[in-house]
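Both of the next two complexes hold subunit A, though its partner changes from subunit B to subunit C.
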Partner chain A sequence: MTGRNQFMTGLAITRFALVAIILALAAGPWLFDLNQQTLLTEFFTLLVLALMWNLLAGYADIITVGQHAFVGVGAYAFYGLAVLADVDIFLAIPMAALTTLLVAIPTMAIIFRLRTAYLAVGTWVAAEVMMLIAGKLPGFGGGSGTSLPIPVVKAFGATLSGRVSTFYAMSFALALLAFGTTWIFLRSRVGLGLTAMRDNEEAAGAAGVDLVMTRIVCFLWTAPFLGLAGVLVTLQKLRVAPSASFSITDWTIYIIFIVVIGGIGSLEGPVIGTILFFLLRGYLAAYGTWYLIILGAVSIGVILAEPRGIWGACRRWGIPDLAPASHGPKP
Partner chain B sequence: MTIDMLNQAIQGALIGGLYALFAVGLSLSLGVIRFINIAHGDLIVLASFLLMSLSGLLGLSPFVVALFMLPLAFAAGYWLQRLLLQRVVGESVLPVILVTFGLSIMIQNGLLQAYGPDTHKLHGGQIEVASVHMFGLFDIGFFPLAVFFTAIVVIAALDILLYRTSIGARIRAVADDPAAADLIGLSSGRMYAIAMGVVGMTVMLAASCMSVWTNFDPAIGPSRLLTAFEAVVLGGLGSLWGTLVGGMVLGIAQNLGAQMDASWQILAQHLIFLLVLVLRPRGLFPKA
Partner chain C sequence: MAVDAQGRPRHEEARAPVLELRDLSIRFGGLRVIENLHLEVQRGEILGVLGPNGAGKSTLFNLIAGVLAPTAGAIFFGGRNITTMNVWSRRRIGIGRTYQIPKPFAHMSVFENVLVAAAHGGGRAIRLSRAEAMDVLEATGLADRMTSMAGQLSLLDLKRLELARAIAGRPDLLLLDEIAGGLTEAECDDLLALLKKISDHGATIVWVEHVLHALKRAASRLAVLYSGSIIAEGAPEDILADDRVREIYLGA
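== the complex of A and B ==
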């Protein structure tokens, strides 16, 4: 019994440390310099994307290679609303999320005609179409894109340091929101069904989980978050362009590597993967193409050795989930 | 004007032959092993670069090199399946998609590292410039006709292989029910590997035609995958002849789109695909 008590104490200490880290991150604008804040802003944005891809691929069995579609839609919707339609920027942000959701509904209606392996490439085709259309929209600078006008940028802060802190706070809030609500979602009735689907889809269906409805809810759940990440990306780059806003490398390929290596089908996996990704990038970014070759090789190795990634290996060693989505037996 | 459009439509239909060559291999791996090879387009590009290096080195036409390379392409497909893909083939499609996805990124960046980002095109010799004058109206290139004919021959050969030979019967048995096939002594792993070997040969043929017909660079693999995928779905899942029709539909859509505006070429291709998906989700010639 003492062993178990020690174990629970260890878990409690780990969780306490995590809460302390989150509180420290909340105080980021006062603790970190501008470069660190910019890096963390990027970190939170990728984390949101990783959480969403993991929810779809790891739980709902929707393997998308076209996640960048909704990032781009969010970016373009924000530009259209804030710049072209002159909507107040803090109203334009939730409206961009809503627009992404509205685009996701017909997209889903079309590509959900394809299943599993076919759906993966179907999402990619949808993303290509949206990127090509974005390049044709009038007012968005065509194929080369356009910059955010200075008044819109200044609305987020008169000084550079003020803006960096605003973007940091926004991305931190979004990451916290994405993690928190997804955790609650996974612990809800629908989420229980999702966890059952993750473990055995046929059995979940037989036990009464509505597979189609659950997939629809999941797909639509991720859309506004991806759209909001698109807004943050636009604010970091200060411009929209089809190739950058709909970047498959940045918003899909890296994300898949992050989740696969960190651990697909858990909430901890995307967090670990994103941290590793940034650490690796610090060392390997200078090698350019080799970086992607290594990421590809590592992810293949991970799938062969431990399909559930680093967190899957941790679970195997008996480490309990830090953010458990399952319900333990009632005491 | 209408003559011009008709001409474009005919040229587009002929490109369909090239697209069918992209698509038959994908159709085979989807139909038999039931996985989608995300790296399919990148393998075609990889084969194109190999042809470029070898035909440059040996001073031979890329078509001749491709024919000599066919056994090697079979072996490459066979061992890719045996050593890597077989380990992740199973109930869930997720691991296979992720492994081929990783492979795709490695091939793209490996080629970028080895050959640089420039575009290339191979020379096929006289056949490229020769043309046939038809109905007193259009000039049809001899090379597109030859590629279209190659596609027909490849599809007919695959049809015979799958439906008229004992190895084809075994492959189909494994495709229908791998567990039952294993029970009666057919090794599903071996059949899958043979199927992937055949896929490898179609990839080599597709590469020889593509590298002479169009420009290629290390990054175009994904767009070849999407074209192949759309041809497979349009034609009707599992239908080899359907991929030829699917390819032709895509080619015609591309050329008519380009007639409106050059930038509409690819968009028209994708839109026609989505339209057919909405109207006929099971494709134009669904099998059973």
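== the complex of A and C ==
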């Protein structure tokens, strides 16, 4: 039993270290310089996107390649509310999330008529349509987009360093919120059914899990988080533009890479994948196009070796989940 | 006169068979897998279903459970027409099933596998389903494997898990698809004792099985499926002595 005890001690130490890292990240504005904070802001934003894509593709079998649609909707909604409608910016942020949710409902009604590969294409088409509409909206600068006005930017901090820290804190809070609430969601009754669907959809239905309602809840769950990520993207870039706010490469393709490599169908996978993505990007930035080629080769290699990604391999080696959403016989 | 929710007189519901298949047919392309099948299953009975491979047994289960929609005909459960009802709703009103080839939730614990069925199939909150899940694990002999990941179970334990998930939430009708294969005599005795207990609690069981001696001991009635139709039904000893059945099923 000593082997098992050592193992459990190792697990406890790992969890303790993770909590320490989270606390350190919470103190980020005092610990990191502006470049590091900017990089981490981007990290947290992509992590939120990865958590959401993982929930859809890894659990509910909704393989979307149109996730960037809701990022763009959140970005444009924020701009429209904060700049054009002159809503208080800190009210405009939750309202942008709400707008994204409202747009997600009719979108869902259309794309849920499709399944598997057709659904994937459908989500993509929906995203392209929304991008084109965004380019036609009056007041948003058309196809080339428009910058956030100075007063709106200054509302987040009078100085550059103040703003960077504010954006850092916002993105960190959003990542924590996304991870924490998704964990709670997975532990709920609906989440239990969703996890069963992840493993075997037909058997989940036969066990009484409402496959349609679970998919709907899941899809609508992700929409406001994607919208909030869109707000953060807008704040980092200080502008909205159809091609940037609705970027399929940045908000969908890279995210698929992250989740597939890290481990689809787990909460740990998206975190590992996002870290790996930033490491690869950092080290390979100097190699230009090779960066993308290597990224593609790595993801194909991982899929061939272990379809459930790095965390899937860890699970096979018997490593328990660090953030288990599982249930035991005792409450 | 007292009436139920559907507006029928109550005594009619009580008299109605638990399960009634009316002129059920399903075709896959040009292939008629089930044709004009008529079957009534009475409350509390254990109906054994025999038939050679390809007779349509699994298709029949998929029709009753709602995985497949019939080309023609209707399915009544407790007097209620459920022909167009989806799979999970049928589970929630009391139709539990096992799969011949186990379909575990591989990355969930054995306990959680059963908890899913107890909570969702039983239509209850998780906190009210834990005790039920524990009872089912005890009854099916899986209690000591409770914390294992379902994907790591042996085939025998996977079959137990299939049964455990099917009976969690106490369905009125239990569809069992070849759960006795590969059991030792002692394990088979345990299984039969468990099914007897479930049956004594008022559940109705329809059991497709190749292990004839198990079926013979448990079933109150046998039906023989051949080429998508029921060609014989009756008391087990009569059916197993029937020349026609012996010829097509036992090849003797």
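The criterion applied here is as follows: the second predicted complex is superposed on the first by the 329 of 331 C-alpha atoms of A that agree within 3 Å, B and C clash if a C-alpha of one lies under 4 Å from a C-alpha of the other, contacts with A are read in each partner's own complex, and residues count from 1 in each chain.
By our rule, contacts are C-beta pairs under 8 Å (C-beta built on N, C-alpha and C of every residue); 3 or more make two chains touch, one makes a residue touch a chain.
As the structure is a computational prediction, the values presented were derived from the model and not from experiment.
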Task: After aligning the two structures on subunit A, examine subunit B and subunit C and state clash or fit.
output: fit
Message: Quick one: is A:R315 in contact with subunit B, with subunit C, with both, or with neither? Answer first, second, both or neither.
response: second
Message: Tell me the contact category for A:L98 with respect to subunit B and subunit C: first, second, both or neither.
response: neither
Message: According to the stated criteria, A:A203 is in contact with first (subunit B), second (subunit C), both, or neither; which is it?
response: second
Task: Look at A:A117 in the shared chain and tell me whether it touches subunit B only, subunit C only, both, or neither; answer first, second, both or neither.
output: first
- prompt: Given the touch rule stated above, what does A:T195 touch, subunit B (first), subunit C (second), both, or neither?
  reply: second
Message: Contact-wise, after the overlay, does A:A155 reach subunit B, subunit C, both or neither (first, second, both, neither)?
response: neither
Message: Output check: A:L11 vs subunit B and subunit C. Expected answer is one of first, second, both, neither. What do you get?
response: neither
- request: In the three-chain superposition, say which chain, subunit B or subunit C, touches more residues of subunit A.
  value: B
Message: Minimum CA distance, subunit B versus subunit C, superposed model, integer angstrom?
response: 9
Statement: Contacts from subunit B onto subunit A in the complex sit at residues 30, 34-36, 38, 84, 87-88, 92-99, 101-106, 108-110, 112-113, 222, 225-226, 229-230, 233, 237, 263, 266-267, 270-271, 273-274, 277-278, 281
- request: Please give the residue numbers of subunit A that touch subunit C in the complex, ascending.
  value: 188-189, 192-193, 195-196, 198-200, 202-212, 265, 315, 326-331
- prompt: In the complex of these two chains, what residues of subunit A are touching subunit B?
  reply: 57, 61, 63, 65, 110-111, 113-114, 116-118, 120-122, 124-126, 128-129, 132-133, 135-136, 143, 248, 253, 256-257, 260, 264, 289-290, 292-293, 295-297, 299-300, 303-304, 307
- line: subunit C residues touching subunit A in their complex are 65, 67, 86-89, 91-92, 97, 99, 103-109, 111-113, 115-117, 119-123, 125-127, 130, 133-134, 146-147, 150, 165, 168-169
